[in-house]
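Going in written order, the chains are labelled A, B, C, D and E, and every chain counts its residues from 1.
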Amino acid sequence: MSDVSFVRTEMLPEQDPPGSEVGVIGWLRHNLFSSWINGILTVLSLFAIYFVLSGILPWVFQSVWNGGSLTECREIMTATWGQTHGHACWGVINERWLQLLFGFYPSDLYGRPILSLVLLLVAMTPILFNMISRRMNWFLLVLAFFVTAVLMDASIFVWILRAGFAGATLVIGYQLVTLSGADRAEQIAQGAKRLPNPLMFTAIYPFLMPWLMWGGTIWPAICTAFGFVIGYLVLRFGRAYMSELLTMIAAVAAAVIWWLVLSGYVSSALSSVLPIGIEAVQSRQFGGFMLAILLGVVAIGCSLPIGVVLALGRQSDLVVVKFLCVGFIEFIRGVPLITLLFVASLLLNIFMPPGTNFDIILRVMIMMTLFSAAYMAEVIRGGLAALPRGQYEGADSLGLDYWQAQRLIIMPQALKVSIPGIVSTFIGIFKDTTLVSIIGLFDVIGLASAIRADTSWNGIYWELFAFIAFLFFIVCFSMSRYSMYLERKLQTGHR
Amino acid sequence: AGTLDDVKARGTLNCGVTTGLVGFAAPDADGVWGGFDVSMCRAVAAAVLGDSSAVEFVPTTGKTRFTALASGEIDMLARNTTWTFSRDVDLKFTFVGINYYDGQGFMVPKELGVSSATELDGATVCIQTGTTTELNLADFFRSNNISYEPVPIETNAEGQQQYLAGACDVYTTDASGLAATRATFEAPGDHVLLPEIISKEPLGPLVRHGDNEWGDVVRWTLNALVTAEELGVTSANIGEMSAGTNNPEINRLLGTEGTLGAMLGLDADWAKNAIMSGGNYGEIFAMNIGEETPIGLARGLNAQWTNGGLIYSPPFR
Amino acid sequence: MSEQATARTIDRSKMQVSDEVAIEISNMNKWFGSFHVLRDINLTVNQGERIVIAGPSGSGKSTLIRCLNALEEHQQGKITVDGTVLSNDLKNIDKIRREVGMVFQHFNLFPHLTILENLTLAPIWVRKTPKKEAEETAMHFLEKVKIPEQALKYPGQLSGGQQQRVAIARSLCMKPRIMLFDEPTSALDPEMIKEVLDTMIELAEEGMTMLVVTHEMGFARQVANRVIFMDAGQIVEQNEPEEFFNNPKSERTKLFLSQILGH
Amino acid sequence: MSEQATARTIDRSKMQVSDEVAIEISNMNKWFGSFHVLRDINLTVNQGERIVIAGPSGSGKSTLIRCLNALEEHQQGKITVDGTVLSNDLKNIDKIRREVGMVFQHFNLFPHLTILENLTLAPIWVRKTPKKEAEETAMHFLEKVKIPEQALKYPGQLSGGQQQRVAIARSLCMKPRIMLFDEPTSALDPEMIKEVLDTMIELAEEGMTMLVVTHEMGFARQVANRVIFMDAGQIVEQNEPEEFFNNPKSERTKLFLSQILGH
Amino acid sequence: MTILTDPPKESFRLSMLLYDTRYRSATIQAIAMIAFMLLAAWLINNAITNLNTLGKPMSFGFLGDTAGYDINQRLLDYDSQDSHLRAALIGLLNTLVVAVLGCITATIVGVFVGVMRLSNNWLIARIMTVYVETFRNVPVLLWIILAMAILIETLPMPRAFKGDTPTATMDLFNTVAVTNRGVYIPEPLFSRSLGDIHFLGDMALRFDVSMDLIAFLVVLGLSIFGMRKVIARANTIQEETGDRPKTWHVLLGLLFGPSIVLMIVLGFHLGYPELKGFNFRGGIHMRNSLIALWLALSLYTAAFIAEIVRAGILAISTGQSEAASALGLRPNRTMRLVILPQALRVIIPPMISNYLNLTKNSSLAIAVGYMDITGTLGGITMNQTGRELEGVMLLMLVYLAISLSISGLMNWYNNSVKLVER
């Protein structure tokens, strides 16, 4: 055997790879033409792409934007291209896009749904982006309010509002710009007051949103919120006198009694004495894309607490509770949404005390909520399962009782893990809201039919549905991307 | 409390209409509803509340319309609904009258060369489901012993699209609907309505059983519109007529004589309000579906009885 | 598993054992399904005693101390902790859990709360201490475990040793009279073991009653006043550390010690 | 990373190196995208040689041995394995893979097959061995790695060390003339490392040509007849183990050895 | 050893219901049960009161009444004089048809797209991504409507096949007509047919079974039995000699041979569609509504399945395929012997829940006028009879039964393929 010893005296420099490996050619060779089969596939796909685009692009872009009716559109098309095929008539979108977005919501009040949406985003930032600081959150919030105040019709009151919000925006904005996060942390460590937790606004939002959307006096919203306050107070102070379980029951009972019996009278009394409020809007007037968003948000928002309870029930050792929860979840997941919507439109009133009558949108909201609660329960169950046992034991050993442990330790973590799943459920529900057109609600698809029943637009088709598909795609796609981002973050992020 | 009191207390009338049928009910770009059925709702609202815009239009589908009415979600249904025995007796609704005499007909492309429905053996027929049409159709083809292929569809717009594309040879629905649909075609002349009318479709507004006061209000509002046409009262001349005429029936109708309004539990000028909201029956017809409109329906059976039609109102006395 | 040398000289004189009984277990038996994990356990622990429990894996050490604060239910026998009989009564269980602190192998800190919040959570919600007071206590114990500067961080940002010290501080914030440790150092890297053991020694010096499941024999020798050896769900041998290590009586103990020390 | 003491005395005399060339690499270069991972590698391995490759993480050790059985493609230079030139020709690749066995860090056993099926899969489908014969061979090698009794279990039921030994047996079932090992022990607990190394030593004693990427320097000293040190994608130093460890020439080698042994 | 002493017996106190761990759970469960019962009683009571007021107490008698309407697609004989129950049965079969067709197509497309998304051809992978994202992010109802519109608007109408200079012609040697009313394909006919057997006489749920079909199934069963024998023999040979004999030609022959013989015996010939009058006659008519629903549902679901397949394959670490390659296994063998068996365990459970979704989504058939059970029982029947409560209840029951059987299947599968772990 020869001498094996070898020592490199001079290290080799890094070399560029051979030309076929890099640059455009390298990329093409690796990604498109790595074998002859791939080459053929590439060429075929190019043909397919060309075929599809050559059909769609001219239709989309060589189109009529300003026809007032289908007949006008056709006239313009004939005048311009000599034929009516292969060209879109976007006039219908041009004329009706506001209606497609807002339904019959009074056009002078469009600001309210928009504000609701913006505030929704603000309310969700502390949950969705936990890296955003409190200051940032409050800044966004006051900014949103300021912009709204600017958009409102001016009166003395509004001027005061504007000034107030402008001031707040400036102060927080100035702080944000001049004071770095680290410095602020320093200040807080030294005892400076912190801004209130932005989750406070998130908690207010569920009461603010219905008021903004439906209008009317502010009292029903406040009275509904007051039910929670009552429940909380009973929970807080009842503990001293009763056992945990009794307190819980008492709290729920107190809140329910308040809602069912008292709050109606109180709120109408207050409304007649102090009619503070904004113009009321009937739920009939809700429609279009706004309705889809509203239904989705309400269903997800309301189903969250129900889903939590169901998930806990399904995990529980109590056979009866478990059985009831599993039964509910499997039943709802086993039937198509459309049958539940039939229940909403045809049957729900039958199950209510004689004479009760709440409008179809509310009924649909109830059924959608039950529907999403079942799916939500499964998502949250996944989140619960992801928690290590040690968390329960840690809580137990500190003497926390079941509900305290759930509320303080388990749920905050389980919900955080579940956020991607919740977003996916939301996307699903959001897409499913289109089904309400089948029971005669004017969501986008229902409106499309109504628009086609208008004499001027009778016979229009593709433009409407293309527009609707586009709207859904934009929203759902961005949300699904976001949930994928969250999932990745949760996987890599240290706990 | 009766429906009338409810409506007055609420300040708006909840009126069930279709989710959209050309000429009969459809929202425009501002969300304002218009159409033949819609005018009926507006007239009732004007009669009861004095305000023809105090209507909440509740779009209903073939499936939901009866439930909506039975459950009290709507106060009246003005949605080209055929008056049948079972709907009246079994489903327990009161049809207050007939505002449109219709019948199920067939439309075919001219190039098929079909001149009678009995020649349609083996044809593909588009039917709008959720009405009596599919039952009539089944009966018709059965009794003529010929076969057909039904294509059920949900909305008129859908049916029109399928028919135009040739996905069915025949489109069948109420003749009014056929005419209305044909009117919006690019080339209406290429399609013919076959002579057979295979059913009687008396369409009219309906209310729940058991609330006769309310039924009367709707019934007599309809009658008021009809009578107004008969008596020559129009939205144009109603101002001067309500000052008093020498026709006592007009005076009773417009409330300058007698207490008809009070008997109904309404204001004296209830009928005047109703007529002013959209004109008399003839005006409503002409404006929404008449020959001047793109829909271009002739009065036909729906002419006043004085002109050889079936539209006839009991006297106001 | 090695003999961890603690740099500090340990002041055994301060570790006084009183006559008061802290824990009394008599004839306790426990089964998991049909598997008999704990067999006729009898044990009396006085106030201020420091007891180390050792034994091979699966011998029931963890189960024993988890029974003491009712994380596991026992099926037979009587457990009295600080005068309270551990029964099915939730009130008693609550009472005992308030008196008994527990530190786990995997710390079990709450990752979504800051260190300070971890420490104040139970005092606020269970003991109903005002927040301010709870925070002061928390800072006090954080200083004691020598990481006051970490108060506003999250557990995930701390090293394992720091986390375990926080876990100890968290238990202490409830002002327990008895502390249970279940292999508090076995998930730690060697450098970190020392800092945790130091904290525990300090605690012992202050006279805390402690039951420690551990394989750190150095700690046992220096701090414990009794070492218990368990095998197959029973207490096999029990002695003072000197005697236990130098002169084990039972064959099983000898085997175990040879394995664990000879390694 | 420590000097694992193998209990057995190793019989180096049996490990004969023949003159026949098993692997020849000349002027081999490889890029990942534009990153130059392997730079001008030249290496000749004779039949029966046991070569240990060491080097810091990311230096290209894994890539080098993965190129040898075409798990990675090289862009320049010539690799000849057992007389077959490694080209894009699928037949050559198949041939080479049949001659070369490979053992991975994470075992990569097939979890849905029993141990026996894991071992017979390739002989049956690639070598077209009759099943009975394949099973006999498999049992033979399972006995060799000392776990014949596990034959009907699934990989998930075995400990890490056992799994890795199964992985070695699986490669051996294909009767390879050359074995490649890519950090076979680095995912294992210390007790298990020993059993795997013992298996590998046995293999070496039988005269198998082996290329082993490992940080087990004890193994390198006892078994290897050449140690190769790689850094930044190139072979920096190459020597007999005695020389390599006691008298490293290059600065980098020294630094590396001080880190890895000083620990 | 001392004698075991139990804790001193306590007498039962009421507070133990709340504080004693032994009784507490029973208490909570009792409360939950009572609350549930109360709620149910309240709902039922309301329903009874309301239904009585409406004058239609619950009764399923309407199911026996004459339906009065026609259904275009019917797998069993049906006409407008049959009962509502039979109409519902026809609808249920239609639901099952589209669900089964949809699941099969969705699987094929989904697996194809999922695998192609992992292709090393950049363009193909991108196209598949675009496909998945487009279909996933637009409501299925919209897809159904659009699919129907595309079929109706882009395909020629039967009239176009007529006349001296037809603008459209039949495909595949004049055997298949693709029209905007659906696709007409040749139908198998037997001149020496064995006839049908009738079950359940005149009842609403009566059905016929073709003896020809049964004969074919029997022959096919025998063929498959034979094929398994051949495969088993091949396996034995491989086990003994290591070489696997080529069997594909034998297998093919076994698969088709007996059936072909049977076809000749039964006088098999094809009935071709022919333009007569308004429509094509003869052949099998796959209606547009079915095709649109089927296409939309399967393309939509395929987008989800593609993601599942991709994730499933990615979940099987590269280590597995590397190990297989290192052992010399060829890529296709690696796929078949190593990757697929493992990937399937990951893929199949979510795949089945997607089948479930597809089945539930098929209830959107009313959007295109496909007469599934929602269209018959939940549509026209409910409209005509006004029996909403009963109709919706039956409808839910049917879907629930389908769902539960599918998920039962899933659980069984999951349990049977669980990886053995320590």
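Please note the rule applied: a contact is a pair of C-beta atoms (placed from the backbone, for glycine too) under 8 Å apart; a residue touches a chain by one contact, two chains touch by 3 or more.
Predicted, not measured: the structure shown is a model, and the values here were computed from it.
Asker: Moving only between chains that touch, what is the shortest number of steps from chain C to chain D?
Answerer: 2
Asker: When you check each chain against chain A and chain D, which touch both of them?
Answerer: E
Asker: List every chain that touches both chain A and chain B.
Answerer: E
Asker: Select the chain whose centre, defined as the mean of its C-alpha atoms, is least distant from the mean of all protein C-alpha atoms.
Answerer: Closest to the centre of all protein C-alpha atoms: chain A.
Asker: Tell me which chain's centre, taken as the mean of its C-alpha atoms, is farthest from chain E.
Answerer: Measuring from the centre of chain E, the most distant chain centre belongs to C.
Asker: What chain is the most remote from chain B, judged by the mean position of CA atoms in each chain?
Answerer: D
Asker: Could you put a whole-Å number on the gap between the CA centroids of chain B and chain D?
Answerer: 88
Asker: Centroid of chain B to centroid of chain C, CA atoms only: how many Å?
Answerer: Using C-alpha averages as centres, the distance is 84 Å.
Asker: Averaging only over C-alpha atoms, locate the centres of chain C and chain E and give their separation in whole Å.
Answerer: Distance between chain centres: 58 Å.
Asker: Could you put a whole-Å number on the gap between the CA centroids of chain D and chain E?
Answerer: 50
Asker: Would you please write down the residue numbers of chain B that are in contact with two or more other chains?
Answerer: Where chain B meets two or more other chains at a single residue, that happens at 63, 67, 154, 158, 161.
Asker: Quick check: what residues of chain A touch more than one other chain, meaning two or more?
Answerer: Where chain A meets two or more other chains at a single residue, that happens at 342, 346, 349-350, 438, 461.
Asker: Where in chain E do residues touch two or more other chains at once?
Answerer: 18-19, 24, 149, 153, 366-367, 388
Asker: Throw together a list of every chain pair that touches.
Answerer: By the stated definition, chains touch in these pairs: A-B, A-C, A-D, A-E, B-E, C-E, D-E.
Asker: Enumerate the contact residues on chain E facing chain A in the complex.
Answerer: 18-19, 24-25, 27-33, 36, 43, 46-47, 49-51, 53, 119-124, 127, 133-134, 136-142, 145-146, 149, 153, 360-361, 363-364, 366-367, 374, 378, 388-389, 392, 395-396, 399-400, 403-404, 407
Asker: Where on chain A does chain E make contact in their complex?
Answerer: Those in contact with chain E are residues 30-32, 34, 38, 41-42, 45-46, 48-49, 243, 245-246, 249, 317-321, 324, 330-331, 333-339, 342-343, 346-347, 349-354, 427, 431-432, 434-435, 437-438, 445, 461-462, 465, 468-469, 472-473, 476-477, 480.
Asker: Which stretch or stretches of chain C touch chain E in the complex?
Answerer: 26-27, 29, 40, 42, 73, 76-78, 85, 87-91, 93
Asker: Residue numbers of chain B touching chain A in their complex, please.
Answerer: That would be residues 18-23, 25-31, 56-61, 63-64, 67-68, 71-73, 154-158, 160-161, 164, 181, 184-186, 293-295 of chain B.
Asker: Which chain D residues qualify as touching chain A in the complex?
Answerer: Residues of chain D touching chain A: 17, 29, 31, 33-34, 36, 39-40, 46, 75-76, 225-226, 231-240, 243, 249-250.
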